[in-house]
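Labels run A, B, C, D and E following the written order; every chain starts at residue 1.
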Amino acid sequence: MIQYFKNVWSGFSSSLVGMHITFKHLFVKKVTIQYPDQRFDLPQNARNRLKLTMSRCNGCNSCVVACPVNCILVETVRVSPDDPHQEVHDNGKPRIMWVTKYEIDFAKCCYCGLCMQACPTDAINHTTEYEYSEYDRNKLYYKFQTLTPEQVTEKERLLAEFKAKDKDKDCKTTAAKADPKPTKPDQAEK
Amino acid sequence: MLATEIFQRLSSEFGEKVLGLFDQQPSDPAISIAPEAIFDICHTLRDDEEMQFDYLMSLSGLDLGEKLGMVYHLCSMQLGHRIVIKAEVDKANPIVPSVERLWRTADWHERETYDLVGIHFEGHHNMIRILCPYDWEGHPLRKDYQVPEMYHGMKVTY
Amino acid sequence: MESTNFVWDLMGRNLGGVLIVISLPLFFVLLYALIAILAELKISAWIQERLGPMRTGPWGILQPVAEVIKLLQKEDITPDQSSKLLYNLAPFIIFTGAYAAFAVIPFSEAFVPADINLGLFYVFAIGSISAMGIVMGGWASNNKYSLMGAMRSVSQLISYEIPAAMAILSVVVLASSMNMQEISRAQGGGFWNWYIFGGPGTWTKIWVVPFTFGLTIIYFIASLAETNRVPFDIPEGESELVAGFHTEYSGMKFAMFFFAEYANMFVVAAVLTTIFLGGWNSPFGDFMQGPWWGSFWFILKSFVVVLFQIWIRWTLPRFRVDQLMYVGWKVLLPLSFVCFMAISLFVMLK
Amino acid sequence: MSEKKRLDLEYSQLDSDRMRINVGPQHPSTHGVLRLEVEVDGEIVTEVVPHLGYLHRSFEKHCESMTYQQIIPYIDRMDYISAMNSEWPYVMALEKMLDIKVPEKVEYLRVIVAELNRIANHQIAVATFGLDAGAFTPFLFYFRDREFIIWILEKLSGARLLYNYFRVGGMAADIYNGFREDCLSVIEKVRKTNAEVMDLLIYNRIFIQRTANVGILTPDVAINYACSGPVLRGSGVAYDLRRNEPYSIYDRFDFDIPVGKGEVGVVGDCWNRNMVRMHEMEQSCRIIEQALEQMPMEGDVKANVPRRIKVPKSEVYMRAENPKGEVGFYVVGNGTDKPERLKARGASFVNLSVIPEISKGYMFADLILILGSIDIVLGEVDR
Amino acid sequence: MGLLNRLDDPYEGGGIVLGKVEELLNWGRSKSDWYLHFGLACCAIEFMAMNASHFDFMRFGTIPRTSPRQADFIMITGTVTFKMADRIKVLYEQMAEPKYVISVGSCSNSGGPYWEHGYHVLKGVDRIIPVDVYIPGCPPRPEAFEEGMMKLQEKINQQAIFNKRKRLGIE
């Protein structure tokens, strides 16, 4: 009988204790960050959308090899010495490879940061940018190459001419399709 | 109890059923046994006073190419020693005795091994798939596994 | 008895008057439900150190309006396997039950839609209609979760009617009337005359105060159970039954359940206010007393009770079915009997 | 098809008053996409048949075509609530196979991030357990606190949930300025909220009524089912790999192993399992405090290993104490940079298998709580 | 809305009233979105974090519903496996119109990390149900969820109710 009343009382009193706590919290300063108006300061190493700095990228394919999900597609063409248009990397070295294709499918990327670590020239980087949701999945397929298709054919032509001219040199051609199973953007669109 | 002692004990009791002891750093010491004796040997391992392997940590299935392998990682909570038991079975007829009655935890481990590697455990009360859908075909962790083209009208490949 | 309804004083008891009388509570219910929904959202948020709806109008105050507009546009699904007639009827019955109870709620000295002598009895009788609606909805949905929710809900409603009835009966014994208007009138003259503090009377009522106070709590707990609020929200317990008896309802029919729930909350709060908290009486005697002040006090007090319900909702975990029955039959019922006996004894000896 | 038939219900055998209820895979409180087929007699559960695989993401198949480094992101996605802890045994297994000695600072950093993650995991576990019981507010209190832990881990690793922070032989990034102060302030917050939740939820009479004496798991059953972590310790078995088989530097810290004491209810019931988690948070706080004190602040944490790790032909099973229990990785190396086979032993997978055993005879509402008290994460169950 | 759909012309001439009504209706739908409480995998944890105090998803007028019948949109938060795919289809069909789908995270966008060898993973939830908004990330930040939610609200606000043909440019 005493146990019964004890139980009833403990049920009642422990509820009151809980209500006291929740009542106190009614007047506590709220912690909410009102997102579109206020923003949380992301740390600089936050891993969100990838960004490629083309002037640094030398087309070495390390990121493709490092990527666990194979969401990066890189195609390169060797720079022909005859090319009137020669470029210099940010670190002062001359460009050896034209990056004709640098595409990342953000619908596949797992934001692990391994490509960033693998990159020898610090060309690919995670940014703190996270607001890029889309109505269409294909818009998540980002193309970072700066060369237009016309320029690419031009570069390929120049290289072919150079190679034809200079056959003795063991100039290995290119189109290093690094991706063992290349993503096919055409298929993905369907 | 060290692995060599366990091996001696087992081979004195089971003779030829205990095939050998592998003890090379950095691998864990392992005892290889014949597949048909799995249940008996495990029974001894569990109930022997000096071994008391009461805790089955993990049960894995492997595709070794020609054969399929089972690996039992045992641990004794009382005595604090560990041992690895290995067995190999033909790919054509992969049937081994179940240890579910010894360690109930083996129930799901064996179902998983059956599901992914395709080893059939005899004496298990409910030998059905566990992770893949019940009408899935093939055992995905076999090296020669072919991913199906379609499943229920949905394309499997990208 | 003189008319206690200012509409009839103004217009006479004709069709227009009747229409106004019945539509006033309806407007009130709709308006109140919107406010209660907002209060629920905001209070829950504040307790959890959040802000709640912020982007619908200033500080989110238009949130319930948006919800009603949305619910109006939602497709109304009738499951194929359901029993169509009962399925479609159930929300209306539940809402009717909740709304009909407003007929005897004394909003003010000068306004009670129907001043009947068996007011309290009527509230109880009509409140049980919603149990019927719940069973109909749960069974007709042809969903196991709905059915289980409905079964639980009804068993809960019925078992908690009894302690609630005992609490009310005690007040009836004290006031020797079942007319809600008269009970309110008896509590006039300051908060010490409310039945929570033993009702009007001399200092001898000190003996009865613990019991009336206890009965108030008992009635409040029972009313939580009758309105399916936490900790008694087992019929719609999200963690086990997906959404209880209204799992299959969508669109406006669901909105009816929604409104009925909030209307029910107000009904029980209003009954609690009337019988224990002095109804439309001002707590300060004649100060701020009068027909208009009366409705102000009444709504304020009821709303405070509703806020209490919301506050508890966001504090406590929920009971299990058998524990719920235990609390109902083995805790609340004996205690309410004891209180009832004590009060009866007091009235006899007085 | 015959398999399916065996599993499907034989309705003819059922009594007329029994009902088969399907809980999940879409259900608010199955902690993911678990499906339970429950047979109830009125409200009493008579049989539970778990169906897994709704989140089977073919982890082990992936591992066979990934390099050792690339596997770590996938391990994160296994036990996604305590990713740091899961990465650890895998990295340790590789370090054992390659015979790498890890610098002192890395060991301490590993302990700190793992314990922080353990706190975060237990916060989710207790929070969702309270949510199953119908208490919504503690859930948000814990998530509010968890956010502070997440911020520390984000500043360290760059990600909020799936960190990819451990590397073979080191860590991905060094600590930042103010790491120590952040940790200490988080510990303070954790303790404050724990005290609050103790009053608000744990010692609430209704909560006790709901969870005490429910789902009793006796020690011998727990061991036979190879349960581990708080599930095992809730049954009164003081078995913690950090103490019984000390890996890394756990032998340097002074901490207790909380076990279910039956203070309320019976040893091995849901309340005690949950209470073990509450106490473990406190112990983790203690470990972090000690580790912060002893940790050398200078030194490099980057791994001094080749970029492409080639593991010799060897087999290692490495286990570690995760918040949910013992997680083990059985790595079979074949001399290349890809494993021959990698089998993961999920703590939740094993702990979950005890559900049919301990939920019989309790009420349907209890089943949800028993499931909540076991604290599963479906990514680890299904892999 | 069947009755209103028959008004063929109104928006141009004298359509101000209907235009305003349409705006009001869209406003109601966009500001009061109840979502189906449906966690699949890792993203569900971030989803819970977004519901928590720091990010407070309810600011957008969203309320969790456990029954698909009462939900306005479903967030697919995590990896969709083949075993699960049928259920998602059923859930989507159970929802009442108007209904929307937000696909969260790489896994449900296109199979994510599992697109290549995941024999049991559906490569993108849009293969079985139509998706309105894709939120990238693995898992996305809570703010990214909220941004996706705002994108959805924008989309709802631009929907035509009375004059579908004209809006869609069919005519």
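Heads up, the rule we're going with is that a contact is a pair of C-beta atoms (placed from the backbone, for glycine too) under 8 Å apart; a residue touches a chain by one contact, two chains touch by 3 or more.
All of these numbers come straight from a predicted model, not from anything done at the bench.
Shared contacts of subunit A and subunit C, meaning chains that touch the two of them, come down to D, E. Taking the CA centroid of subunit D as reference, the farthest chain centroid is that of C. Taking the CA centroid of subunit A as reference, the farthest chain centroid is that of C. Taking the mean of each chain's C-alpha atoms, the chain whose centre lies closest to the overall C-alpha mean is D. Of the two chain pairs examined here, B-E and B-D, it is B-D that is joined by more C-beta pairs in contact.
One inter-chain figure worth recording: subunit D and subunit E are separated by 32 Å, centre to centre, where each centre is the mean of the chain's CA atoms. Between subunit A and subunit E the centroid-to-centroid distance comes to 25 Å (mean Cα coordinates, whole Å).
With centres taken as mean Cα positions, subunit C sits 62 Å from subunit B. Put simply, the C-alpha centre of subunit C and that of subunit E have 36 angstrom between them. Each of residues 131-133, 140, 158 in subunit B touches at least two other chains. Across the assembly, subunit E contributes 52-54, 56, 59, 66, 83, 110-111, 113, 115-116, 119-120, 138, 141 as residues in contact with two or more other chains. Across the assembly, subunit A contributes 15, 18, 21-22, 25, 30-32, 34, 68, 110-111, 188 as residues in contact with two or more other chains. Chain contact summary for the complex, subunit D toward subunit B: residues 1, 3-4, 6-7, 52-53, 56, 58, 60-61, 64, 96-97, 99, 221, 223-226, 237, 239, 244-245, 314-317, 319, 326, 328, 330, 332, 340-341, 343, 345, 349-350, 353, 357, 382-383. Those residues of subunit C whose C-beta lies close enough to touch subunit E in the complex are 41, 45, 48-56, 60, 62-63, 65-77, 238, 242-243, 246-251, 254.
Here subunit E touches subunit C in the complex through residues 1, 24-25, 27-29, 31-33, 52-53, 56, 58-61, 63, 65-67, 69-70, 72, 94, 96-98, going by the rule given at the top.
Considering their complex, residues 131-133, 136, 140, 145, 147-148, 151-152, 154-158 of subunit B touch subunit E. Interface residues of subunit C, counted against subunit A in their complex, comprise 43, 46-51, 54, 311-312, 314-316, 331, 335.
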